[in-house]
Structure formats: C-alpha cells, structure tokens
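Here come two complexes built around chain A, the first alongside chain B, the second alongside chain C.
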Partner chain A sequence: MEATLTQADPANLRPARRAAVPSAVLGTLFFVVAEVMFFAGLISAYTISRANQLPGMWPPPGQPALPVGAGAVSTGLLLLSGAALLGAYLVWRRAPARATAPLLGAWLLGLAFVLLQGREWWALLGKGLTLTSSSLGSFFYLIVGGHALHAVGALLVLAWACARQLTGKLSPGLFFGVQTFWYFVVLMWPVIYARVYF
Partner chain B sequence: MTRWRLALLSVVLFAGAAWACPVCGLPSEQGQGAYLFMTGIMSLLPLALLGGVVTWVVLRVKRADAESPDERK
Partner chain C sequence: MSSATADAGHGHHDQGFIKKYLWSTDHKVIGFQYLFTGMFMALIGGFTVYVFRMQLAFPGMSVPGFGRVTAHDYNSLVTTHGSVMIFWVAMPVLIAALGNYLIPLMIGCDDMVFPRINRLSYQLFLVSSLVLITSFFVDGGAFGGAWTAYPPLSAKAAYNLTPHGAPLWLVAVALEFVAFLLGGINFITTVMNSRAPGMKMFDVPIVVWMIVIASIVFMASVGPLVAGAVMLLFDQTVGTGFFDPSRGGDPVLWQHLFWFFGHPEVYVVLLPAMGIVAEIITVFSRKKLFAYKTVLYTAIGTGVLSFFVWAHHQFVAGIDPRMANIFSVTTLLISIPVAEMVFVYIATLYGGSIRLTTPMLWALAFIGEFLIGGVTGIFLGASGSDIYFHDTYFVVAHFHYTFFPIAFIGSFAAITYWFPKMFGKMLNETWGKVHFWGTIIAFNFIFIPLFLTGARGDHRRIYDYTHFPDLMKAGMQEMRVLATLALVVLLAFQVVFLVNFFYSLVKGKKAEQNPWKANTLEWVAASPPPHGNFPELPTVYRGPYEYSHPEAKDDYWPQNQPPQTA
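And then the complex of A and B:
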C-alpha cells in the first residue's frame, strides 16, 4: 500500500511514491488473517466435538491428560520470545546495530518453545495419544501440529532476518513482515493452549 | 386436492421432526451452546480481522499524508 505522491524525486522530477504500509507487512497480514481463520475453524470443530461428549468422558478413556504444566512453560517461553522481538524492534529504531542480541534472544526462545513442544509430543506418543487413537489425539495433533508448523516456518524467516541483521542488511520491510508473522505465532498460542489443554 | 391437504397437514403435524435448525438436533444443551457460540465467532471473526486491517491501513495512509501535506501534488 502506498501513500499518494508524497515525495519529489529530484533525479527525474517525477513525484516518488513512499510506502505507508510496507508490502511485506500487508502481504503477511493477509496471510495471517487467512491463518487465523484456519485455526478458528479447527478450534470451532474441537469445541463443538468436546461439548457433545458425555459427562466425564474427556479426555476419552485410556487417553492421557494433556501436560498443562509443560504447556505453561512453553507459553511463557513463546511470550518472552515475542517480548524480546518487540524489544529488538524498539532498539533497532534508535540504533540498528544494537538490536542483534535481542533478535537472537527472540529466535533462541522460539527455538526452545519448538523443542519443548517436540519433547511433549514424544512423551504423549509414548502414553498412547496418537493421531488415530481418539478424537482428542486427532484434534490435538492437528491444532497444535498446525501451530508448530507455523512456528517452524516463522523461526526460519526469523533466522533469515537475524542473518541479514548480522550483515547489516536488515531492511525495515523485511523486519516488519517477520515481526508480523512472529507475533501471530506468539499470540495464537495462548488461545490454543487455553482452549485445548484445559 | 385431498393430496395437497394431506401434505399441508403433514407439514403442520410433523414440523418438529424436520430439524431445520442444525443446532436443535444436537444431543446436549452444552453442545447447542457451543455450536451457537462458535457460529457467532466464525461469523464475526473475519469481519473483525479484515475491518481491523483495512482500518489500520487507512490510518497509516492518512498519517503518511498528514506528515507531508505540502509535497502532495
């Protein structure tokens, strides 16, 4: 999205167009809107399916309860990662060279979240919760797995942004786009955690 | 004509079994509540999301224009 004719370009005397909203941000925002609806659909199906279970039948017989404590730690790590990225942005606005440490911190916290999730999944698989063992397993791996895929994708682009930052080539458009994607991953998770784990 | 009357009578008498409303067919009160709640969420969420994005973009463009009004042609 570009604001109309905001700056004159002395090189060719034509009015230059300056982006009011970077294209990377706008594109990511539309992607995020679609992904929010994707998760809303899954959570909606889960909510109705769970509400129609007979009393005392959730989790289904023979299926383990979801690890609420480990989920809380994961949630904390991811929220801290979002805060670190926000901090990196605030530092980057004043002194771009000093934003490297909080940016790397955000990436490492995000990586810790994904690794902890992987460890949780491994334990749950060992306890018999699989994609086909029950409706709880199906919904859990579909919703949490969908989020994990987004987290891994966002980690990759965050790593790319870190690499650009280390070489001093991190552009505002790329940084804003990456932030938008990562904040989506960060803010989507507490909703999933609150809805699925309890 | 008798057939039409019978059809009309059957509609009146057996309307309760038609379950035209998908929510009414759910077995539990809790299920009906969840269905209604999620229908509301799924109906309003896209409007809220797109409305939010469009509002934000409009505000950004207005601010960009306000920051450099004399450079507009």
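And then the complex of A and C:
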C-alpha cells in the first residue's frame, strides 16, 4: 500500500469513480448467485428423487411426518428478522445511532429461528428420522442443514455488525454486505419450506 | 523469479521474501502464484498421461520412471490426468493467473477491489492442490473412478478400490471451486467498479470481457456440482444413499448435477482462450478487431446457451429419447456462436499486415486446431451418431482437440505474448518457434490416429487391449503406438519451452515497455509493472483495437493517448 502512495502523487490521483453498485454489495450478490444455484441443485435433486419413488412409497414408510406447524412458526420468525434488518437499514440511513435496536432485534429473531430449528431436529432424531434412515431423512438434513449452516454463518457476521454498531463504527461496506447475505438466507428459507416440508 | 518484479516502487519498504511472494495481496504476484502452481500441476498431468499411454501401446511393459502399471494404477492415472489437466491446469492458468494478472492492468487500476479475498482464493487453491497430491500417497492410491466420478463406481470403495483417494479427491475439487468462486467475484466486481476514467463498456479489451463472462458462467453453474459433491461425499463416508438405487437414490442424478457444471465449464475455459487469441491477432495483423460487438454478444450467447446442452453427455445413460432430441438441437446450436467468433477472427486477419511471431503462431494454431475439435463435436452432439461413438476414442480425440488448444495452445499464446510485460525480459523467438512446431506437429500425430481407432469402435475404458481380439485387428495397435510415440515427442518438446522460459527469465534480452506496439493499457505500465502498476493512473480515450487508424501518427494508437497529441 505504501508503495502505491510513494509512486502516485496524490495530486495526480483521478477523482474516485462512483460505483453504481457498491463493491461490497456486488461481490456478495455474485456469491449469492452461486449459493442460490447450490440450493437449486439440492432442491431439484430432491424433487427428482421424490418423483422416482414407486407409488405409495412417499413419504417412506415408518418415517415420521415433518413438523409443518413448527416450520411455519420458524418461517415467520425468519421473515420478521429480515423485515427488522430492512427497518434497521432505513433508520440507519437517516440516523445511524438509532439503528441499534432494530439491528439487535433482527439478530435475536434470527437466533430464535436457528434455536427452534435445532429443537425440531432433536425431536425428529428421537422419532427415528436420521441422515441414513431413508432418502427423506438424507435430503431433509442435507437441505435444511445446509440452510442452517448458512444461517449460523450469517448470524456470526451479523453479530460482528451489531458489535461495530454498538461502538459506533459500523462501516457502510460491512452493513451492505451483511444485509445482502442475510436477505438471501431469509428469502431462501420459504422456498425450502415449501419444497421440502410438503 | 528475478530481481525487479516488485522492487521498483518499494525503495526502503522492501518486504521479505514471504511477505512479497507468499503472503502478497498484489494481483500480479497472485497471478504468478497461480501460474507457477498450474505449471507444476501440468508436470503431474503430463507424467500420468505418459505412464498410461505407454501401458496402452506396450501392454505389460515396465514403464521407464514408473514400473509396471497394474489395472488399479491405470484407473488412478487416468483419473488424475483428467482432473489435474482441467481443474488444476486449465482453470488456474487461463482464468486465475491471467485474470489476476491482466484485469487490473488492462482496465487501468492499481489492484483488485478485494485484495485479501484474492489472497485467500490462492491459498485455498494451494490447499486443494496439496490435498490432491496427498491423495496419491494414501492407502489404495489416488482416486480411480474417472474424472467424471460417476456413481456407483465413485460412491463405493468396494468398486473403485480407492477408499481414501475418493473422498480426498472430492474435498480437493470442492475446495478448488471455492477458490475460483472467490477469484471470480473479484474479477467481475473489479471490472464493474474500477475501470479507468473514460473506459466505457465497449472500450474494455475482449480478453477481459471473456474472463468476466466465463466467471459469471462458472458462478452460475458450480452450485449444483458442489451440491452433488456433498451428496457423493456423504454417500462415500456417512452411508447415505443419494445415488444408490437400492435405497431410493438415482445414479443418473449425479450425471445431471455433474454435467450441469461440466459442460458450461468447457466454455468457462474456452472463452478466455478466445479472448487471448483476439488480443494477439489484432496486434500482429495491425488491424482493428473485426466486429467487436459481435464477438461480445456471441460470447454472451455462448455463455447462456452453454446451460442448455449438458445432457448430450448422457444420450446412452437411459434418458428419455424426447429429451435427447431437445439436447441434440441445443448442442448443434451452440456451434453457431463459436463458429461466428472464428469467422470474425479470420475476417480480422484478412488484409492485415501479419507478423508471424511466436504468440501469433500459437493464436493461428488455436483457430485451426480448435476448428477440428468443433467440427468433430457435431457427430457427438447428434444423438443418433453419438450412440455409436459414445465411449470410443473418437470422443477422447474430439475432446482433446478442443481442450488442448484451449488449455495449452491458448496458454502458450498468452505466456509468449505477455512474458515481456510479466517478467521484463524477452523470450527467445527461435526456440519459441522450435517449441511451437514440435508441439503442434506432435499433437496432431497423437489424436488423428485416435480419431481413426475411435471410428473403428475402439473403446476408451480398456486397460490392456491384448484381451480384446476384435480391437487388435489390422493396424489398431500400430495406431496406438503411433499416438504414444507422438505423445513422448510432445512431452520432450516441452523441455524446450521450460528451458526457454527459465533461461529468458534470468538471462533474456531486456524488454521495452511496449515491445509489440500494442494499444491496451497494460503496455503503458513499466515492464515489469511495479507494485501499484501505473506511475499515474491512466485515462482512456478510445477502444482497444485502433490499429492503422488514419488519424493516428503511428500504426497503433494507445488507449490512453489524448486525441490532440495524435
């Protein structure tokens, strides 16, 4: 970095180019494209495997039904969390200091989603639905687990953003990047819920 | 790497060797890391093919440098050759090395927008290479389920006999994709947001466009393969049955997930090679690129179409014949934009003052040899003839007539063309031409015989043909021997390249700033460019291909030269 400065006389530096889309958002968006395709691959594999089953073999006999009700509750929690983050952004644009509460709210709602999912998994494992018990179990844990891993990862970054916000040092780049990724986690979930639970 | 690569701008800020070459965030150093890792992996890919081709030509003999090849070794060698050449040579050299090196220089900025993500990308790639190399030495040896890893062969250790090699191979491939994903995000974002002032969309050099389009195609296609890789890894290690029909799974599902990535992947590596050729033929025919926008739009068209052709790999895998018809049509369609690009390049050459330098020879050879690969692909894209040709050496020869021009002819064109910029030294032209002719002639002598044996039904997955009297009939074994001898000649000529490369690196003639008299911005920087690239960041006034323009005083007109001084 020093070298750049020693060579290029600051007076000669061109004016900073105004990007139409900030680099942090653009970079995360392209990452999200790849992630969406990852889940598209998993969900279409699941759809094909399901369509291949003999009549009467789906859901596989002896396997518990997926908890549609609890799934609906967690879907609601996650959507609320996304809405809270959007609210945090709208407040932050005008008064950055006042965005702390909705930001923490978004994080807590996201955490509640992950914990509720964990509780569901625990119950399902107890009822005999495991990764190797049937192709339903394999796909369920793979797809929902894949999403849960993304949610946990995104929550860690969101926690980092919350910490920066509490010390008043939340940079626009981090905030934009986190938002882009969290909206992906939030919006991917209803698709998974609709395709896998029913 | 010699003295001056990164010293010039540093003065007393000189970093140590590790900081400068192994832990750098400089896009040029990361490009070199990819280049040299790719070149090293190419040696592995070359050695494996030498060993198994010797076994095919002289079954049962002790191969010099390896020993007797067992059937088990043979599977591992073929798998390693395929995976290494595509994932660890073509991808890192064509996209990662050249993309990293060229993009910031050609669009006139000082570095990538995410330099630390860029460094992470190379480090992940290095780890993936090390994981792959480790898998050669574990119990059971390297993965032996072919580079396409079809289950059930790849899913069950009882079938592929490589219980540790198989999961390690999958982990290595997955890591490598993450590395290129991070690299690709950087490429696209940098080109979108860091172009020099004045550089509009149609002033971006074609090779940069091609790398960007290839990165987008890669990012949109890699997801399903990673999904499939996770499923296959679970089948191998945890005991799930995603691809096991006896447990409700479907082995053909893997083929869809694999080829949904695998076919776009062909265009991911083809497009950068096409871009390199576009740069070189304009410079060495001193003529404006014929139909810049046509090249750009056909490249985008190729990228889009490449998502709708994958099932032509599965015509005999039991897919619905109605689906085979659709995929035959899309596959034949995709030859149109690619042919269009080739026509545009020929039109660019027409009437130019052509200079047959080494890079130009490589670029011209690319057009000719790739054309043979494309034309023979028609037979495989049409489902009727594919049923006969499937799994014969005709497929192998076709595939290598596309991939060798892409991965090697394209890379040699790029390395010989940008070497003066990269290292500040000129390559030796005479030895460059010796290497060129030795490689090209030998290459044709490898694969034309394989087209002929393939057309006579020579099956590609056989370890020792002496057990198959029908495939040993008049002339068949002679063809195999001819192909193998030509391969040995081709490999021997690569020594010429390596000696020329490293000798010129140290003792070569010093390169000027713009030895080829080219227009694009990388030639504005010093040779080699210091850390930070440009003494003063350039402003762009025109497109990249204004050669022999009537208003310019020279036969070239650099992009950054203000109009009034012309």
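The working rule: the second predicted complex is superposed on the first by the 183 of 198 C-alpha atoms of A that agree within 3 Å, B and C clash if a C-alpha of one lies under 4 Å from a C-alpha of the other, contacts with A are read in each partner's own complex, and residues count from 1 in each chain.
The working rule: a contact is a pair of C-beta atoms (placed from the backbone, for glycine too) under 8 Å apart; a residue touches a chain by one contact, two chains touch by 3 or more.
This structure is a prediction, so every number in the text was calculated from the model and none was measured.
Could you look at A:73 and tell me whether it touches chain B, chain C, both or neither (first, second, both, neither)?
In the superposition, A:73 touches no partner, neither chain B nor chain C.
Counting only touches as set out at the top, which of chain B and chain C does A:48 meet: first, second, both, neither?
both
Return first, second, both or neither, reflecting whether A:83 touches chain B, chain C, both chains, or no partner chain.
A:83: touches no partner chain.
Between chain B (first) and chain C (second), which does A:112 come into contact with in this model arrangement: first, second, both, or neither?
neither
Between chain B and chain C, whom does A:36 touch in the aligned arrangement: first, second, both, or neither?
Touch partners of A:36: chain B and chain C.
Now for A:23: first (chain B), second (chain C), both, or neither, which partner does it touch?
After superposition on chain A, A:23 lies in contact with chain C alone.
By residue count, which of the two partners contacts chain A more extensively, chain B or chain C?
Counted on chain A, the partner with more touching residues turns out to be C.
Please work out whether A:157 is in contact with chain B alone, chain C alone, both, or neither, and reply first, second, both or neither.
Neither: A:157 stays clear of chain B and chain C.
Would you please give the residues of chain A that touch chain B in one complex and also touch chain C in the other complex?
Correct list for chain A: 3-4, 6-8, 15, 20-21, 26, 30, 33, 36-37, 40-41, 44, 48, 52.
Quick one: which bits of chain B touch chain A in the complex? Just the residue numbers, please.
Per the touch definition, chain B meets chain A at residues 26-28, 30-31, 33-35, 37-38, 41-42, 45-46, 49-50, 53, 56-57, 60-61, 63-65, 67-68, 71-73.
Quick one: in the complex, what on chain A touches chain B?
It is residues 1, 3-8, 15, 18, 20-21, 26, 29-30, 33, 36-37, 40-41, 43-44, 47-48, 50-52 of chain A that touch chain B.
Which of the residues in chain C end up touching chain A in this complex?
Answer in residue numbers: 9-11, 13, 110, 113-114, 117, 181, 184-186, 188-189, 192-197, 216, 219-228, 230-231, 234, 238-242, 247-250, 253, 256-257, 260, 530-532, 534-537, 539.
Can you list the chain A residues touching chain C in their complex?
Listed in rising order, the residues of chain A that touch chain C are 2-4, 6-9, 12-15, 17, 19-21, 23, 26-27, 30-31, 33-42, 44-45, 48-49, 52-53, 57, 60, 131-132, 134-135, 138-139, 142, 146.
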